[in-house]
Each structure stands twice: as C-alpha cells, then as structure tokens.
Amino acid sequence: MAKIRMGMVGGGEGAFIGTIHRMAAAIDGEIELVCGAFSSDPARSQRSGAALHLPAERVYTDFQTMMTAEAALPPELRMQFVAIVTPNHMHFPVAEAALRAGFHVLSDKPATLNLNEALQLKELVAETGLLYGLTHTYNGYPLVKEARERISRGDLGKVRKVVVEYPQGWLADRQEDTGNKQASWRLDPKQAGISSCMGDIGVHASNLAEYVSGLQISSLCSDLTAFVEGRELDDDGSVLLRFDGGARGVLHASQVCAGEENGLRIRVYGEHGGLEWAQQEPNTLWLKWPDRPTEMLRAGGGYLGALAAANTRTPMGHPEGYLEAFANLYMAFAGQIRASEADIPLDARSADCPGIDEAVRGMTFIELAVAASNSDVKWHPFPKH
Amino acid sequence: MAKIRMGMVGGGEGAFIGTIHRMAAAIDGEIELVCGAFSSDPARSQRSGAALHLPAERVYTDFQTMMTAEAALPPELRMQFVAIVTPNHMHFPVAEAALRAGFHVLSDKPATLNLNEALQLKELVAETGLLYGLTHTYNGYPLVKEARERISRGDLGKVRKVVVEYPQGWLADRQEDTGNKQASWRLDPKQAGISSCMGDIGVHASNLAEYVSGLQISSLCSDLTAFVEGRELDDDGSVLLRFDGGARGVLHASQVCAGEENGLRIRVYGEHGGLEWAQQEPNTLWLKWPDRPTEMLRAGGGYLGALAAANTRTPMGHPEGYLEAFANLYMAFAGQIRASEADIPLDARSADCPGIDEAVRGMTFIELAVAASNSDVKWHPFPKH
Amino acid sequence: MAKIRMGMVGGGEGAFIGTIHRMAAAIDGEIELVCGAFSSDPARSQRSGAALHLPAERVYTDFQTMMTAEAALPPELRMQFVAIVTPNHMHFPVAEAALRAGFHVLSDKPATLNLNEALQLKELVAETGLLYGLTHTYNGYPLVKEARERISRGDLGKVRKVVVEYPQGWLADRQEDTGNKQASWRLDPKQAGISSCMGDIGVHASNLAEYVSGLQISSLCSDLTAFVEGRELDDDGSVLLRFDGGARGVLHASQVCAGEENGLRIRVYGEHGGLEWAQQEPNTLWLKWPDRPTEMLRAGGGYLGALAAANTRTPMGHPEGYLEAFANLYMAFAGQIRASEADIPLDARSADCPGIDEAVRGMTFIELAVAASNSDVKWHPFPKH
Amino acid sequence: MAKIRMGMVGGGEGAFIGTIHRMAAAIDGEIELVCGAFSSDPARSQRSGAALHLPAERVYTDFQTMMTAEAALPPELRMQFVAIVTPNHMHFPVAEAALRAGFHVLSDKPATLNLNEALQLKELVAETGLLYGLTHTYNGYPLVKEARERISRGDLGKVRKVVVEYPQGWLADRQEDTGNKQASWRLDPKQAGISSCMGDIGVHASNLAEYVSGLQISSLCSDLTAFVEGRELDDDGSVLLRFDGGARGVLHASQVCAGEENGLRIRVYGEHGGLEWAQQEPNTLWLKWPDRPTEMLRAGGGYLGALAAANTRTPMGHPEGYLEAFANLYMAFAGQIRASEADIPLDARSADCPGIDEAVRGMTFIELAVAASNSDVKWHPFPKH
C-alpha cells in the first residue's frame, strides 16, 4: 500500500499556512507531497518546489495547469487530493477546478470568499461525489474530541451555556502597513471577504462551539468593529448566541487584544457540570462538578475515549500541539480517501473531519455576524441551508 | 486615639455576609463592633450578640431601636457607623434610618432594592452630609487597584476592549428548595429586587469594569434568562457593552455555570497592551505586551504603586485573599470617618472606597440590563443620574 | 463568655511578624490583645502600644515587668497567654518567664535559639502543666490539613516519597547591609542561632513534611552553604531525607533563589497516588492518580474533611490566605485555653496546633542539618528526644 | 538537492520510541526513511517495513545485513545515517557496526549499556571521523535553548543553584508483570544496564542541568532505591550536585511518583535572577527577578534569540510539543550531514545537537549515581574522560 499523494495550491516561499499544512501532512508518514502550484509567480513556484525536494516537472505555474497535467498522469502516480492553502478568494476557484478534474479537496478555512460560493461548492461536491474537507484545525485536538464526546454522552446533562472566545493581538497596530503579507490580505475585502476577525478566527470559534456542544446556533446578535483606523474590515467582535434547544452563549473574538497570542478557549456548562478547554494548553481538559473535585484530564490518559486515543501519538506528559492537531485532520481525510478507494465504511476517526456542511455553516456565520452588527434589530435567525 | 465604633444590622447566626464583614472589620485592629441588631427575631439577635461577646444592652431587637438607643448614648461610646448586611430589600430602610439618626453607613451591595431607592438615598446622603460606602469587595484587592492605576496613567494606551465575566455555579439546581437561605432570598423578587444574577454578581462585574478601565458604560444590549425552571429572576446573563470614548466590551455572569466557584475575571486591552486579573488568584496581575514578555505582577512587589502597597499587609508570596480585600474597604471607610472627624483632607487610600455614585450606577445597571433583555431593541443608552 | 486575652512580647513599630500575629489573632473576634512589651526600647514600646489602642498602663517596658504586673491583676483582667514574636534568641527567655509566671505561651518559630533550650522548655512545659503552641503557620492552611487527612486515612497507600521545597530570594544580595532589620538578625548567629536558611524556612519545610506525611524523619544527609560572601550562616541548603517506615525524600530550601517569593511546596507520593500543595496557591490541593484524572480540590469544597471545613471561613472561590492560616493556629490555641479552663476534652480543631514536641523536633532538625553538612559521613540519624 | 536518507534499527510494530523518531524525522520534509531492520524477528521486521511503505528489499532481517547491503548500494541511494531506537544493550553494537560500515549514527539515549562502551564509542567516532548524535530530546525545545542562551550571556549573573527534577509514575506498580514491553526491558539489567530510573530519565535531567546552566557537575552524593518489590534496578533516586565554579544543585527523578506524567522541570538561579522551565508546558519560560515582575517568555516571541527562533515552526500561541523538540535534533543532525558532505562550516542550529561527549558524560553520571548510592562516602567526584 502506497502513501496518499497530495498536491498543493498556494503555500510558496514565506507563506505561513502552507508550511503548516505540509508539516501536518508529513508527520504520520501516510501522505506524500507529489506536486504543487505554490505561487502565481512561476519562478517563485519553482523555487518553492525545489526547496521541497519536488521534481521540477511536478511543480506547476498555475493551478489550472496542475489539474490538467496531473489528471493526465497514470492513476498510480497522479495526486489524489489537493490541499488549498491560498488566501480566501482563491479557495473556491481552486476547489472547483480540482473537483471538476476529479480530485478530492482539503481546503483551508474559511471555505470560500462568501456564502454564495459555499453553496455552489456544496452542490459541486454532491454532483462529483468527491471528498471535501475543511481544516478547522482546533477540532483536531484529542481533548476537543473528548469534550465533544463527554457532552454527547450526557456527562454534563443538557447544555445550557457556551462561552467561546478567541482573542489575538497581532493586528493591534497597522501591521498591514509594514509589509506583513498575512495582515495585508486578511484586511483586504477582495482577498479576505467581508470580514477579517470573524472570517479568520470568529468562524473557528463558532465551529468549535457547535462541534463541542453538539448544538447548532439558531440566532445571534453581534457587535463588530474596526478599532484600528482605516480598516475596511472588522478587527474585533462580540456575539450573543442562542442555540437550538434553548442553550445560550457568548462568542468574542479579536485581532487587537494587544499581547494575546492565539487564545481560543471554550467553556460549556450543562445541568450537571461544566468543561473548559484552551488552545494554548491543549493537552488539558477540565471537567467541573458542583459536588466533587474538578478533574484535569490529560492527553494520553488511559481514561479517555477511543476517538481521543486514536488522535494521540505520544504518552501522557509528552505534549502534542498545533501541528499534531492539524495532522489529525489530514489523517482523517487520508482515511476517507482510503475508505473511498477501497469502498469500505469509514471508521470513526476518519469520519471526524469537518466537511462541506461545516463550510456552509461557517460562511453563514460570517455573513450573519456582519449583517447583524450593521442592524438595529437585536436577534437574527441563523439560516439552515 | 480609640478604635472606630461600628454597629451592625443583619448578620445573625448562620448568615454568610455578616460574618465576612465582621472579620474584615476586625483584621486591622482599627474598628470595634460595639452593637448590633442581628436579626428580626429578638432571641436570635441576642444569641448572635452574645456569641460575638457583646454586652446584652448593646444588642437590639430591631434597627429602629438601635438607632434611637445609640443616638442617646454619649458621643464617645455610641457607634460611629452602621454596617448593613441584610438582604437587599432592607438596605434602604436601614440606611435611611441610620443617616437620619446621624450615623455614617457602610452597606453591602447592591445598594438598594431598586433604582428609585438609590436615587432617594443619594439625596439623603447629600442632605445629611454623612458618609456612605458600598462594599464592592473586589475593588479592595491591591492588584485591582494597580490595574486601575496602570490604565489610568496610560500604560496600555487608549482602552479599546473590556471583557469581564463572573461565572458561579451554586444555583445550578434548585437550591432554593433545600433550605439554603441565601438561595431563597436571592431568588425572591421581594427581597432581592428585579434580578438575581445581575443584582448579585453582574453588578460587581459592571462596577469592576468601570473601576479598572476608568470608563463609564454608555449603552448596552443584554440577554438574561432563568435556566432553572420555576425561577422568577434571572440566573444567567450576557451583556454587550459600549463605553464612553468608544471602547467596547462583553460582560457575562451566571449562577448556573455548574462547577464554577466565584470566577470573577477582567481583561482590558488598550492600544499598546492588555491586562488580566482573576479573583480566584487575586495576588497576580498579568500585563501583556505585543513585543515583549508578558509580565506577572505580584501583590507585595516593590514595583507596585502606592495605592496597591497601602492595601497590602504581607510580603510577596504570602497570599492575601477575600477577607483582606474586604478589610481594605473597611480601612478606607474608617479613614474617611477619621478624616471627617478631624476635618482633614482624605488620603488616597481612604478616598478609594465605592460610594453613593457607584450605588446609583449599580442600580441603573441592574435595571437597564433587565429592561434591555426584555426588549427587541438592540442598544439601550445608560442613563446618567 | 469573654474573649481570650493575649499579651505580646516583641512586634513593635515596623516589625513584620508581630503585625501578622496581631491580625491573625483579631480576625475571628475571639482573642483580644490586652497588653504588650513591644520593644526593648521603652519609648518605642509605648508608641507601639498606643498605635494599637492599648491603655498606657498595659504597655510594658520589658517582658519581666509584664509578667509580674499581669500576674498581679485580677484573673478576669490579666492576660491568659503570651504571644512571643521576638527574634529567636529571646524566644526561650520569654517563654520561660511566661510559663513560670503562670501564662500559656504561643511562640513564633523556631522554638528556641538551640536544641538545648528546646529540651529545657519541654521540661518546663511538663512541669507547669501550661499550654505551649508553636506557629508553624503552614499547618494552618485547610488544604494542608486535608492533605494530612487523606494520607492518614490511606488514600495514597503507603507513603514512598516526599519532596518538600522552600525557595525564597529575598537574601540573594547583601540585604543585611541595607538596614533591613529582618536580614540583620536572621543572619546574626547571636540572634538567629546556628542557621539562617534552615532555621528560618528549612524548619518549616521539615515540619510540613512530617505533618502532612504523618511520618518522622529517621536520618538525613545535607549540603548547606552561604552563597553570598561574608555570611556566617547558611543561606541555602539541600537535604536528603529518610523516614521511619522506608519512605525517602528531598528537602531543599534557599534564601538566595533570586526572584522567588515564598515558594513552600510539598509533594507526597504513595503506592496508589500522589498529592501536591503549594503555599502561593494555598486554596488548591492536587490529587494525582495513575489511572484516573488528576483531581483539583479547593478550599471550601463540600467534599473536604471536617478539619479542613472547620478551618475555612469563606465559600469556595473566595480565597483565604496566609493570615487566615495563621488565624487557624490562634483559634486552635484559643480552643485549647477554653478547654483547659473549662476542663473539657479538646475538640479536633483545637488539638491541631504544633506544640512542644514539634518545637523539639524542629530544633533537632536545624542542628542536625548543620552538623551533617559539615560532616563527611553521609547519613546522620535523627535523634528522638 | 535530495532529502537526507535515514535507516533505522529497532522501532518495529508496537515500539514506542521508534515511532517517535520517525515522526520527528518526517515533520520538516528534509529526511526520508529509506530502510530499516525493525526487529530481530524477520517477519515482524517485514510487516513493520511494509506498514511504513518501504519496499521489501530495503527491509532487513538484522542490522549487520543492513549495514552490508546498504554499503553496497550506490552512494546516491544508500542511507546516509542510522537511527538507533533499540533497547539500551543494542545501542553500542549497532552504532559500532554502522560507524565501521561508514554510516553516521543518531542514537537514542542512554548512549550505551555502560560507560566502558561509551568510551570505546568515543574512540570509534574519532577514528572514523563520522558524525554521532544523541537524542536528548529535551535539549530540542526552543525555550530550553533560550534558557541556555540567557544564562550563557549572563542575564542571571553567576549561577548558584540548579534544581532539576523528573518525576514519572508509570512504574508505580509492577508493570513489568503485565506484558508492558517498555517496563520489562527497562527493568532488566541485561537490556537496560545498571540503572532504570537514572539510566532512563535521571540522565536526561543531568544532561539538561549541564546544557542549560553551561556548567559541569563536579561531584555528587546520591540515594537511589527500588520502591517496588522485586526490582533489581532503581526506580527512584535523589542526588545532591556540585558544579564546577561553586554552584550547587539537587536532582531528583522517579518512576514511581504515582500520578505524575513526564514532569521534567528545571530551575536555575544566579546572582541576579532565576529561570524555570517545565517540559509539560514547554512553550513557556519564566524569568524571575528580585526587583521587577516575573517575565513569561513564550515560544515564537519576537524577543527570543536566534537559536530559539530557528527551532520554532509556528507563531506564538500555536503550541509545539515533544515531537517538534525531537525534530529539532533531527534537523540539527541533518544539517551536520549536509555541512559535512558539502564540507562547509556548521551553522549554529546544526551544531546544537548532543554528541559523543554528552554520551560519555551521561554514562559517567549513571554509573557514578549508582556507585555513590551504594557508598557510605558522601561526595563522589565526577570523572572527566
């Protein structure tokens, strides 16, 4: 059995998220990068490919060429899926081209530039019958999976309250004027879409809230703003949430909380207890009880569920991090590809990867959070597509 | 120079907050409990007084009797101020009686049963020229004072974002059915007023947000609820905040976050940095910076400001807690009494105690949070009285 | 029933530990400071007494005068016990005078200047039948008591390993040259005895190790040093420990761990689990298990034992600290006095205060640690007196 | 430029450390596993190789065959270095065979079964002129490198005290009777050597102490034991340390601290400040100062030195862990190979990998700690080879 063959679009020299994707794909030795169109600048794409030890003929000048050329290769050589790691505005065109050329797609988030594209993508996925995965990284952490499982099996009782927050500080000043590429495109509506803060990190928070709680947001009320002068897109926002079944919540996210790093954190409270998980200390999950000591669950603990265990590589006390969480999504997606090719049912680990439904809900969240913020009406129902 | 003489209304056998007040008043050896009306049940009041080593003749059957009898004593014997530690509905009547009888008042929060009473109280304080203090305990912590000072002197730059939260879990089930006295009155509109969660702890959070940030809330949008069936008053709520000058914020508080203790926590972010303080680890203040290491300030540190230092009793690493924070308010109020009697200016430490203005703003917050939650209108301006 | 009447020797203006003792004694309203000899400088003693609101006639110029004068007062007025808060070299003379004059003694630690005095003191206590307490403060924390109870009832199985550490940094440079009074006497053999680090804090650590584990040290091997030039006494030391029954341990303490505050911390491991407690976060006790989640116990938790509960004043999440731990020792000692006067059996809370046996073991530890450090022999048996 | 080609000895199905090595080698896409002798059981070796997607002809039945066969391949195909991930007793034979066959060696620790082998290995490395690396994983963490650099450049002043500890709990009961392979060989003198606890983790602690402090241990005093009945090798030990230049220290390590995970932690104190790092929260480094706030340095911080930065893959707040630390050693070793082949000087990152000198010091430490524990003499000088 050979490794799964991956192509990549985006992620050339100096890119942040492309390197992350490649490391995550490499860790477990199950996926091989075989080709790429790493930059719209052909020389840069070639240099990037060479640095990645790829043969020159598998490094393409643009993604359309890549799709055509790879599709023309013998099946046992050509890539099996495309990892999309471009800025947001290219997600949909690349995904569309890949699906139409017969390749599975694993895309960085948010899925598309806007909701309309996400809905088109959903149709295309259904039409082609191909696989689509979305890298909501934080779902990949084993203790996030444990949190979901504990709630799902009822340990906390009926969920009442969800508090999810995502403070960052990297845009507290005008990074976009300093040549910071990330900052430039994330604050540019043409490349990022209608939101910076909600589009980049708010959507992670809303996805995490739904993934962990097992509930869907039913309506929201929001207050977004751009604190730093001259920005067209929000760099901060707070959102009141209501969920199906009566739970309520708060989501706040910011790119201007000066001094914060990557502070994604979630707390969920049910009738009988609560839980808390924070991305910066991802190997710990807190369970809180009214009448007995708080429990500190740790990655690798023998008492964890099967899904957490399957997504852990090291024994207790040997910390795993962001790359391993990312790798868990890659492993799930690789498992989906193998199951699809072998025409066998998905195992639980492989099934557990965000897909096209999360893509659509994410884009819905972003557009609704922006619309609600601009409105004097308090509550805005969350459309189900 | 003698100790300051205190009388107490409420706080009989088994009461929570009365005992706290007495310990806080006692720590520094500057205040002496000389009399009390500890319960509306005369026998219980007498038993309570005896357990406190008070002479029987200074233990009263009701607060009116106490005011009259004490006022009739020679000035050097009679109490100088009344500590009010009853349920909310008695705060105003007792305060009114005390002020009219010529006694200063130090009251537990919230100041009154409703805003109307608070406004009356404000007039009465002005009229009598007597002192009025309000025990927003958390202001008493030295590192809360340091946080306020650092922001006030501009270390963080202009404030943009305030996140204040106050999760508790003690009312996650129907404690009011178990004989829990606290639970019973706090959920009873006749004794507690129109809010349980906002009235008991949300008001601490809004006070802390304003105290630390130095800003006033200008409008809010809120979503309160009672998660536990059968409750007339809210046991949970989330509030979007806007402040004078453009800062924004989130306040969330709950009595049903099962497994939480007393999780008051505040984070403030300005243009140049952020800070964080949590009540459960009160001797630590975090300063966060975009370009240099996060700093952990500790109570007792030689680098702290004068106000923090003046409110600290022990060297670094010898933790102080809730009672000492409370005691700081008592010491400030005692300082006000001494200054008033000596007709000298207030020192900074003595001046730093919440008073009638905070009383009015607190009651305004409670009423507005409830009204806003019941409204379909998104933003509700915060009235200035 | 009246308050217990306390006299104090030492603790004049500017003293650290005297103020701590007075606050601790005052918190619960059960003990009243009635007299004192606060300084060997009569004017300073009088100024100190006046600041404490004592009548001039109960402020004495020296401790001998105090003993005589108080003994001459009517029983219902005179002090019932003496709190000794002087430098070490005065502990024994004052305790001796107090006991001979018929007063109970509550002494700061270490008990005496040397072991010989401690043994004399033990005889005197036995002879007079009076009460003797020793303020090993850290025993007073409720979660230290809980730790002891959990081990005592076998939750961890047979104890194997004890790790106790006490890093401080306040003597990392020559504080003794700066006018720092504490530093001066603690590094002066005439006032402090033969050890600074072991005598001041190592002895707290050894006491805590024995109190929590329920085991006695049977032999030790030590390495003490003075890192800062010119010091006659140790400012740092590490000690290997063996306990009765086969457990082993490590104790390290330092006054020159620059940047440390008051880092007393203990970990005990048995066959089935471990526990950890740290003085700087005293309201948390960790229980660690091989096969289930680590438990975080919190002061005020309903699941704690009776002794922890009896030594807690506030609900969960309302932190108590160093003064309250100290106050717990005062309350226990006050309980011993009341039981002694009423000739009734001691309740568990009152019994739980270090006494003359701990005094002797502490002085033995200090002398042995110093002797062992100076020896080429590895193991030194711990004498039982 | 092609990837570096790695062969592996050991690490077949079910092995712990072999999988870790492979993941670490894979993360950065610079090293390719091309062959292996994964087990002494040929069928198991083949199954392991197949699962790793290796061609059958590069999977060998034993390490001697592998050395011969690989040496016979064309230079551009054959492996460039061997990763040794067997139990300890095989480290030397495999390393010897590899070096004699002309291959560089990257070995798991401890380097050999005993000191004598390590000294032979040192000669062999010198003789062959080949590269030798030793995976003291914890050196690979960026903040450990930062700690070393801060001390090396004098931030803390002259080092006085080193406290290093390594509590684990996985051998608190007789795991060796349960079929736990790790437990079986680590407690078997024939496979593990003369020590279990010191040989497996004590040696990590001593290495870390020397790496971070920049000092060498000059003598020690130790107390090892086997707490669990029937064990021939130590499962716990405490060691007093003295360093060249006058610093002192404590090292304690255990495999029977029930409930502990992998608690390696180091604190170093100098004249002007201290630092602390703990492996379970590896992305944080604490700097402690007597007169200003404690600083929390975080991986990815722009204020960190070049070596820390070069060993970090993700932005601040995106945690890296154990595998990435391991990968840093692999990247350094790969850099050494590239520099060696290109005959260019080593860059700082590549130079920073433990080698044959650390191998010899590690084996010296293990043998000395055991000998000292068995001796009545207190201090044992640390031989320099």
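As written, the chain order gives the labels A, B, C and D, with residue 1 at the start of each chain.
The working rule: a residue touches a chain if its C-beta (ideal position, glycine included) is under 8 Å from a C-beta of that chain, and two chains touch if they have at least 3 such contacts.
Since this is a predicted model, take the numbers as computed values, not measurements.
> Specify, for the interface formed by the sequence copies chain A and chain D, whether it is same or different in terms of residue numbers shared by both sides, with half as the dividing line.
Homomeric contact, same residues on both sides for the most part.
> Given a C-alpha superposition of chain A onto chain B, how large is the rotation in degrees, taken in steps of 5?
180
> How many angstrom lie between the centres of chain C and chain D, each centre taken as the mean Cα position?
43
> Rounded to a whole Å, what is the gap between the Cα centroids of chain A and chain D?
34
> How far is the middle of chain B from the middle of chain D, if each middle is the mean of its Cα atoms, in Å?
55
> Which parts of chain D, given as residue numbers and ranges, touch two or more other chains?
Residues 170, 260, 287, 294, 298 of chain D each touch two or more of the other chains.
> Of all residues in chain C, which touch chain A in the complex?
Listed in rising order, the residues of chain C that touch chain A are 287, 291-298, 301-303.
> Okay, in this complex, where on chain D does chain C touch?
156, 160-161, 163, 165, 167, 169-170, 172-173, 221, 223, 225, 227, 236, 238, 240, 242, 248-250, 252, 254, 256-260, 267, 269-274, 287-290, 294, 375-379
> Of all residues in chain A, which touch chain D in the complex?
Residue positions touching the partner: 1-3, 16, 19-20, 22-23, 26-30, 33, 50, 52-53, 168, 170, 260-263, 279-283, 298, 300, 313-324.
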